[in-house]
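I'd like to ask some things about the structure below.
Letters A, B and C mark the chains in the order given here, with residues in each chain numbered from 1 onward.
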Amino acid sequence: MSLFSQILQFLFTGLTIGSIYSMVGLGFNIIYNATTVLNLAQGEFVMFGGLIMVFLTAVLKLPLWVGFPLAVIAVTGIGALFERFAIHPLRNASLLTLIITTIAASILFRGIAMFIWGKDPYSLPPFTPGAPVMIGGAVIMLQTFWVLGTAVAIVILMALFFGKTIVGKAMSACSFNPMAASLMGIHVRKMVLFSFALSAALGAVAGIVITPISLMDYDRGPMLAVKGFCAAVLGGLGVGYGAVLGGFIVGILESLTAGLIHSGFKDAVALVILLFILCFKPSGIFGSEEVSKIKKF
Amino acid sequence: MTFPLLEASRLRKFFGGLMAVADLSFTVMPGQIKAIIGPNGAGKTTLFNIITGIFPPTGGTIRFKGKEINGKKPHRIAQKGISRTFQTVELFGNMTVLENVMVGRHIRSKMGLIQSGLRLPGVKREERSILETAREKLDLVGLIQKANEPASGLPLGERKILEVARALATDPELILLDEPAAGLNETEMLRIAEIIRKIRKSGMTVLLVEHHMDLVMDISDEIVVLNYGQKIAEGPPEEVKKDQKVIDAYLGVEIEYA
Amino acid sequence: MGKENIRALFILTLCLGIFPLFIRSDYYLSIMIFIGINAITVMGLSLLMGYAGQISLGHAAFIGIGAYCSGVLTVKFGFSIFIAFLCGLFLSAIMAMAIAIPTLKLKGHYLAVATLGFGEIIYIIFNELLGITGGPSGLSGIPPIHFLGYSFKGGVRYFYLVWAVAILLLIFSLNIIHSRIGRALRAVHGSEIAAEAMGVNVSQFKIQVFVLSALYASVAGSLYAHFVTFISPPTFGLFVSILLLMMVVMGGGGSIWGALLGAGILTILPEYLRAFKDFDILVYGIILMAILLFMPEGILKGLTVLVKWIKRE
C-alpha cells in the first residue's frame, strides 16, 4: 500500500474514532455548561449504549431500527436517574466532591456492566452489510460512513438545538448565571436534569455506532472519557463546536501516531495535545480567555 | 519641609482602548487623611490597583518614600509599608476572625517552612507575638469578642472592619481604604470614621476612596476629585465643595433658569 | 499545635505501637503498612489540596519517581539505599517545580488537567524506558532496607519503620498547619488577591507546597519499593492518582486527619471486597456513592456528626 493510501487509511480511522471523541466531548460540554461539573462518567454512557444495543439486538432479537432508539432511551434514562439520585442531592457540595461523585458513578456503572455482561467484548453487526470500499487505495469499512454521518447529523442537530430553540438557549443561560436565569423564569433544576439526559443520549448514540467497528466491553468508558475530555479542552471547554473539532484533531493525530510512529504512544497523544494546549492557550481553540476567567472553577 | 509619602506623577492606564486613568498626578503627605472621590467609573479603584501593584500603569510613576514602586508585585509593596482593604471585601472565609488578622502579621514575621515544621525554638515565641499583636488590632477596632468566630459569619459592616484590622496588622505607613463605608448603615459608618481617626492618631497615613460625602467631608484633610480618569480638583474639603468643575461633574451642567 | 491534636497523636502512636503485639499475621501487617505508605502521600496531598486549595490529579507519578529511583538505582547501579532515596527526593522536587512553575497561573479545571497530563506522561515514561525501568514487566529484586546492620525485613519491623516515618511527618505537617506558613497557605486558598496584598508571595507558596507534597509522595514511593521489592508502572498511574484524590476529599477535604482516615478506609476497602469476586467493582461503586451521598463533607465530618448524634440519644 502506497504511503498516500496508508495516510488516507489512518485519516479515515482517525476521523472515525475522532467522531466518538467529539460526541463524548460534546456531552462533556453540555453538562459543563449547565453545571460547571466535569462528568467523568461520560464514557460509561457510550459503553452502555453499545452494550444495551447488543442486548436488544442479539438477545431480544429486535431489528436495528427498533433497537437503536430504545437503547438511546434506556441510556438517557440512566443519565437522568444519575442526575436525580447522585448529582441533585449533592448540588450544594463542593465542585471537587461533585466531580469525585461522577468518578464513583463511573466505577458503579462499570461494576453493573461487569456484573451483567462480564469482561468480554461484544460486537454488533454493521448497519449495512457489505464489503469495504476502496478509496484512493485505502480500505474503508461501510460502518465508517455511518459513524461519520451520525457525527455530522448530531453536530447539526445540536447547533440547531442550542442556537434556535428556547430550551437550548435556556440551557446556555443557566451556565453563566443560574440565579439570573432562574429569575428569568428558567427552571434551572430541569435544565440540569436535561443536560445529563442529553449528554447520555449523545454518548449512547456514539456507543451504538462504534461497536460494529471496535467492539464494546465494560471497561471502555474511562479511556473514552479522558480522550473526550482532551477533545473538549482542546476545542475550548464549554464551546460546543470546539469539542467537535477537538475530537477530530485528537482522533486523527492519534491514528497517525499509531500508524506512522509507534502504536505504544497512541494513548499518550491526547494527553500530549492537552498539555500543549494548556501551555499556550488554556482556553482552547475557540474558548475566550475572559470567559474562562469568569467561570468559577 | 516634609517630603510626600506617596507621589503619583502623570499616571496613565489604558485597558485596550479604554483610558481608565489619564495623566494623574497628586501627592499624599505623611500623617494625612486624603480622600479620592469621583463619579462611578472615574478610575478610583484602578488607581488603587496600580498603587498596590495588581497591575502596572501604562505610563507615569508612583513613588513611595521617594522610591519608585510602579510595576512591583503586590507582596513586595506590602513589605514596603503599604496595606489595603478591598471594595469587594476579600476576607479569608476559610479562617476565623483572629486568624484573618494574624495573616496580616505575615510580613512582620519570618519563620519559614522548615523551621515551622520542626517547631524550632523561635517559632513558639514568634507565634505568641503574632497572636498578641493580632488581638491588639482586633481590640482596637472593637471586634475582640468575635475573635474565634468564622470570618464568613460576620455581617457586612463587621467584615469591612475586620479587613481594616487585618490591614493594620501589617504595621503599614500608608493604608489604602477602598470604599470602607459602602453598604454600611449610620452606626457602622460612625464606627468606621472613629477607627480611621484612631489610625491617623497612631501616625499612619490614610488614602481612601469613598462615595459617602458626609464621611469624606468630615474626616479628610484633603480631597482629590477624579472624573473620567483625570484629576479635576485637589484641596481641602471646603474648597473642593465649592469648586464649579466638581459640581458639574457630579450633577451635570447646570441649567440656567430665565 | 493544640491540645486536641496532641491528644490524637498520642492515641494514634499508642495504638500503632501496640498493634503488632496483638496482630501478628503478615497479611494484616502488610495492609497496615500499605495504609501507612498511603497515609504519607495523602498527608502531602492534604497540605496541597485541603489547606492551600490547589489540586493534583497526577500525584501517583511522584510516588513512582520515588519508587523507581530507589528501585533502579539500587538494583541496576548499586547505589546505597539512602543515596537512592535522596535521588528520588531530588528528582521529585525538580519535576514538581517543572510542573508547578508553568501551571501556576492556571486555575481550577486547567490546573487539574495539567497535573493529570503530567501524571500520564510520567506513567508512559515508566512504561517505555524498557532498559532502565523494565517497562511493563516491571522491576524486581529491590533490596530490603538495612541500616547499620539492622535489616528491616519482615512485617513487624517494616510496620514500625513505615509508621515511625508517617508519625514524624504527621507531626511536621501539624506544625506547619499551626504556624504562619499554614495560615499563609490557607490564605492563598481563601483569597489569593488578599493574601498577596498581605505580603504573601502567592506564586512562591504554591510552588513550595506543591514541591513539598511531591516530596511526601516520593518518600512513600521509596518505602513502597523496598517493601514489595517488585514495582511496575500501573501502580503509579491515573487510577491511583484519582484514588489518592478520593482519599483526601472523601476522608474530609480540609483536614489532615480526614485525609488519614480516607487513606485508611480506601486502602482497606479493596482488600475487603476481594471476597465479592464478580461483584467487587459493583459493591465498591455502591459504597463510594453511599459515602459521598451521606457524608458529602467527608467521612471525618460525617463520623463526628454521627458520634454527636449518638451522644445526644
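Heads up, the rule we're going with is that contacts are C-beta pairs under 8 Å (C-beta built on N, C-alpha and C of every residue); 3 or more make two chains touch, one makes a residue touch a chain.
Quantities reported herein were computed from a predicted structural model and do not represent experimental measurements.
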{"item": "Core chain by centroid distance, with centroids computed from Cα atoms only", "value": "C"}
{"item": "Chain located farthest away, centre of chain A as origin (C-alpha)", "value": "B"}
{"item": "Euclidean distance of C-alpha centroids - chain A vs chain C, Å", "value": "32"}
{"item": "Euclidean distance of C-alpha centroids - chain B vs chain C, Å", "value": "42"}
{"item": "For chain A paired with chain B, centre-to-centre distance based on mean C-alpha positions, whole Å", "value": "50"}
{"item": "Touching residues (chain side chain B, partner chain C) in the complex", "value": "52, 54, 73-75, 78-79, 83-84, 86, 90-95, 99, 102-107, 109, 111-113, 116-119, 123, 126-127, 130, 166-167, 170"}
{"item": "Complex contacts: residues of chain C adjacent to chain A", "value": "55, 102-103, 106-110, 113-114, 116-118, 120-121, 124, 127-128, 238, 242, 245-246, 249-250, 253, 278-286, 288-289, 292-293, 296-297"}
{"item": "Of all residues in chain C, those that touch chain B in their complex", "value": "172-173, 175-176, 178-184, 186-187, 189-191, 193-202, 208, 212, 254"}
{"item": "Of chain A, residues touching chain C in the complex", "value": "38, 86, 89-90, 93-97, 100-101, 103-105, 107-112, 114-115, 118, 226, 229, 233, 237, 264-265, 267-268, 271-272, 274-275, 278-279, 282, 292-293, 296-297"}
